[in-house]
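First chain written, first letter: the chains are A, B, C, D and E, and each begins at residue 1.
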């Protein structure tokens, strides 16, 4: 079982002055990789430079520099110097246990989001994706470095599909956040399948395994909540569009993400309710089942204890037991025992224990 | 069991640019059908055109174009072009997992509502109904296409009953939303019947079947909540009437729907409380019953175990057991056993176990 | 068991245009009765006219027309015409499942309240009382028609007791609402008695009957909450006194009712907590009792099962069982069994099972 | 068990006009007693007059008239006339089930507080203390009349300790409320001791007695909450100091009480959480214990039932049972039985039931 | 078990005038120790004076006087006189059960925080740290006196690392609060380890020990919540920076602490949810286990009770029992018993009890 650390490596930071860059994510060995794309209505230019120095500078169109992997602190520091980022911003980019937030620094907006993905259909993985939205450029920083999560956006830029090439950096930031929110829907759709499977298993009977799955799903939901609730505030702030970096025309798109975030929250809360209901059902079924087992034992015990007593009576060795001498004693004894059993049966039938 | 997908086909949309029309409802084969009605104080004109081109244009009175079924994306796109709708509006119309909301686009208001109906007296079905309220016209889009859910409104227009013919498009939007909210009352009234039936069944005894029904009703209530809570915000926004499209005189009607929405919410919350109470009652009754069964077993066991021991004693084959030689040994033995039983009986009576 | 319908007859209304008068209360056969009283500092004039036409018109003093029973829709319609009431107001007066609310229509204020009373000391009955507060007149409409619930107010008007004769219609509306809120205190006082009785019964032991009473009291509390929470908003609105119909001097009285409403809410919430505590106590006592029963069975079983085994051993018919041949075998056997019982007893004593 | 009536004697008031004085506290026979103290920086003057007429009038310094016991309605009425108090204020002073509140009547402020004290270390008693803060005078009304709860304040006035003699009536009101809030701390400190005792008892084992104490402590906490939550609003209103009767310099003191109130609320809420935790612990321990008892019974039953069966087999009287004829049959039988017991023992050990 | 007193020694204060200094912390014998450091961009000056008189005065740079241990009330009183502190401030500094708060006294800001640390890896200890932020100086007062909790800050001042030497007293207050909040992360990281250990233990089986640990962890979480929730308001007030003592440039740093506080709250709430989930799991596992034990007993009992009855039958001493005379009677009897056992086995297999 891999553990998800809530407070990964925070103590590595204790006692350091603010603005000190310490990457608190898992210490992976893979390197960082940069990808740049600059575009305008007329065309686009894409490159994957090996060093920061090879990155293009913001020009007339929109420049998007994306970094996968946050281990090269030196690289991030140089980004900070080049774009005049506040030391606390750099600290938050590499300290990947931030909760989603938006900070307006005047000449750029700093946005932290948390992207989620399914880890093998069962547990939910989260990674931090930070954005710097400046005039004419977007810098994006992603904690992980496997796969290319924004390929579909790049594809749209290349094809000129949709309106993306005709709009500014704010629209690009919208497209990126939209892709992140869409991943929540994918995860929710998968979780829904898991919940439905659980319901069917639970209908078969309450096993310890079902219980463990309910509890573990509940925990995944808790982690999703943690990521998505603050996202609502972020998108709401973008929708209000108080910054000059966000064009009036883009606000309707941010409202769209805001709506999606609310839908995700709605879904997460609904799952919570469903899982609570399943836990109730589990506990009640279990108590039902214990009751059933008890009734069975009681019925069997109540029928055989008196009978065993009776046969014990006639197994006694008293010198004089009249019944033993009767010719049909044995038969009478059976008749007695059968009628006792029958009486009990009728009694239990009436009590609905049988 | 048909499953209600919370996130129906959302993943079909992943990676597409915003504004791409993808219908995320169930893929039904039935076609869409258009119905148009235009009216003013003096008269009305009704038609069911087969194509978009045959639809009338807004004129002096009020024009209402209603579409059942959202599969013909091309048709919806042409609506969008004709009435200048924002691409995100079109996207929300066909992406039928929206939560109720109201968006004011200046020259038109976009309203999303969720209509519910009972599916075979037991589970609640929801479908999205979207409205475009523009100057002098209403466009309404409904997810399903069976039955004519707004027939009573059309009937009122034809008859000139009530004030509908004398008022504008805002009043028509009120009439449509009012009809949708009224359906919630119908469903609640039905659910109330189910709850009362359940209470009677529960009074008879806590069975696994009752439990399952309580849990499933609870789930229906969760789904109703999801639809009705955001409706409150929608109607509240309409009541405040910030848009020029809503006449001062119509606001009192929207306040009326607002009140109804609050009543529905009240009812939904009350049901939640009632169902929680029933679950408590169920669990307590079950624990009561287990206790009763246990007491029965304990009484029977406690009476017969000592007796069986005694008869066992006198079934032993020791060479010399004085009691066995006594003339009335058997009788004394019975007397002993009867007094033990009696003593036990009195003891249990006092403990209120009998 | 008479059932309290939450959504009484709402479906009778579906599809009708707004403003259509449909009485949704229980269909009682009794008729409506009107009572009028007009008063000023100098005197009063009281009458019980049989028809609307005989009702006096508002004059210099205060006119109060009260209607018991809402079945005569025609009568109510004539009230509406005479006093220029909005059709939706009339609809809300007869549709008696409104939640308490206040609506300011400019030249009159429409107030809906819910009065409660005890039905045979056990269940709580509610009925809608609506008020129209206009300049110099009060119209009040009550759902029920048995008894005269405002007799004490009328008595005060006749006697000129208190300040009622010297003040305006707003003070009269205060007096009416105050009487309604006072009924909540009466009901709460009664419920308190029931709760105390339940506590004593519960101290005697957790029976199924106590459980049922707790659950049913909880439900009554739920219904009271439904009525009293919105009343808070009504009285708060009156206290703020935004309408010209409410004199500055009367606001302090409305603040008084507001305080009372808060006290009622406080009481209702306290009862909820107390009842939850009783349910906890019930469940814990039950689990305690099951434990006790189990311990008893275990003690008896654990003592007698080994003994029965021993006597079974010496009841075996093996050719050669040395103990059986011993002279004091039987005695030794008893000594063995007694010491086993004693050992068990000591063991259970230590485990505190005895 | 003395009962604390939540709605003491409210029904005695029903139907009376507002402003009618009815004392709703317990009908005690003891009389009321007045104590007056007037002071300024230069000196003080103290008296315990027997009648209202002997009370001094407000002068240059601060006048404090305190009344213990509220049965002499006539006395209170004369206070009202002398100081121009609103009839509703007088009503609230004697109707001692008010919740804490603050009402600003312009030329005086009416403050209702609820003082608590321990009744024999176990249950919490509450009594209403009302204050009238006017220019240069304080009138205080206390429900009870045993002991002198404000002696320490009077002592400070006499000694001129602290700043009390140099400040106005508002500071005196602060001192009085501070003394009342301090009593909450005393009660909380006592409750903390009770909770700790309970925890130790619970560690020994979950008895019915512990359960009852937990539930009863929970109830006391509910009653404390009822008194202290509204006190927060009262002190917050005083801190904001909107009235001219409260000097700017005194506001910092009211902020101090506000902080104390928040601390009391914090403590009350923490106790609630602790008690809920103890209830959980109780229930889990009980379920643990039942499980333990069950395991014991099962182990004993499972070992002895098969053995008893075996000895039963060789107690049968069939003509031909080969084993019975074997020379070491009895020995073999014991070996068989011992190995069965041993096997069972190992099995239970593995299942951790032993 | 050492007890954490919630209301430590509050009663020692009852009846004293406000502003009286009474230290309500534990009465430790150790003395207080003062440490001073003054610094500016050019250099720093550090001293550990033995008496208040030796403390330097605020000059051009920043002066930080820190006091460990609050027993020397005289010393604190002299601080108050020297820096013109309000008596209530001094009272709050020594009365160490304050909840975190911020009070702006115009020429200085008074901040109360609660620092936490782990006591032997299991329970959480809290101590009050108060700050006075004045123009050019910081006074800090700490309840405990073991260790030097701010050594890392002093080290940074000495080294001139980071920006601390170039900024004012407000930045120093930020550094101090930041260090306090960082301790919360350390504690949370430790608690996370404890929670994970508990989960593993719980997976092995629900023991009373695990239960006790869950409950005790829950309690620690309750205490952490109490400290960290009000801290949010404190940092939020600092971030808004309404005081002139806080430079515009420092606000971004206070926003950083605000974010950290929110993260701590998030973590605390997540732990609460996790622990609730573990309690659910515990209870369900326990009920599961009881069910399993019951099933085992029922299976054993149900198989052996009928068999014992049968062997009892053939142990009876009736004169004439035909079966006993049959040659293969014993064999037939065994066949009968084996087939009964087999039938039972199949039945239980089907019921999934085996």
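Definition applied: a contact is a pair of C-beta atoms (placed from the backbone, for glycine too) under 8 Å apart; a residue touches a chain by one contact, two chains touch by 3 or more.
Worth saying up front: this structure is predicted, and the values here are computed from it rather than measured.
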item: Those chains which touch chain C and also touch chain A; value: B
item: Shared chain contacts [chain A and chain D, defined touch]; value: E
item: Interchain centroid distance [CA atoms averaged], chain C/chain D, Å; value: 26
item: Cα-centroid distance, chain B relative to chain D, in whole angstrom; value: 42
item: Chain B: positions in contact with at least two other chains; value: 283, 287, 290, 294, 297, 301, 305, 308, 312, 315-317, 321
item: Arrangement of touching chains [line / ring / star / complete / other]; value: ring
item: Of chain A, residues touching chain E in the complex; value: 3, 5-7, 10-11, 13-20, 86, 88, 92, 97-99, 101, 103, 205-206, 208, 211-212, 215, 218-219, 222-223, 226, 279, 282-283, 286-287, 289-290, 293-294, 296-297, 300-301, 304-305, 307-308, 311-312, 314-317, 321, 323-327, 329-330, 333
item: Complex contact set, residues of chain C against chain D; value: 152, 156, 161-164, 174-175, 178-179, 182-183, 185-186, 188-189, 192, 196, 252-253, 255-256, 259, 262-263, 266-267, 270, 273-274, 277, 280-281, 283-285, 287-288, 290-291, 294-295, 297-298, 301-302, 305-306, 308-309, 312-313, 315-322, 352-353
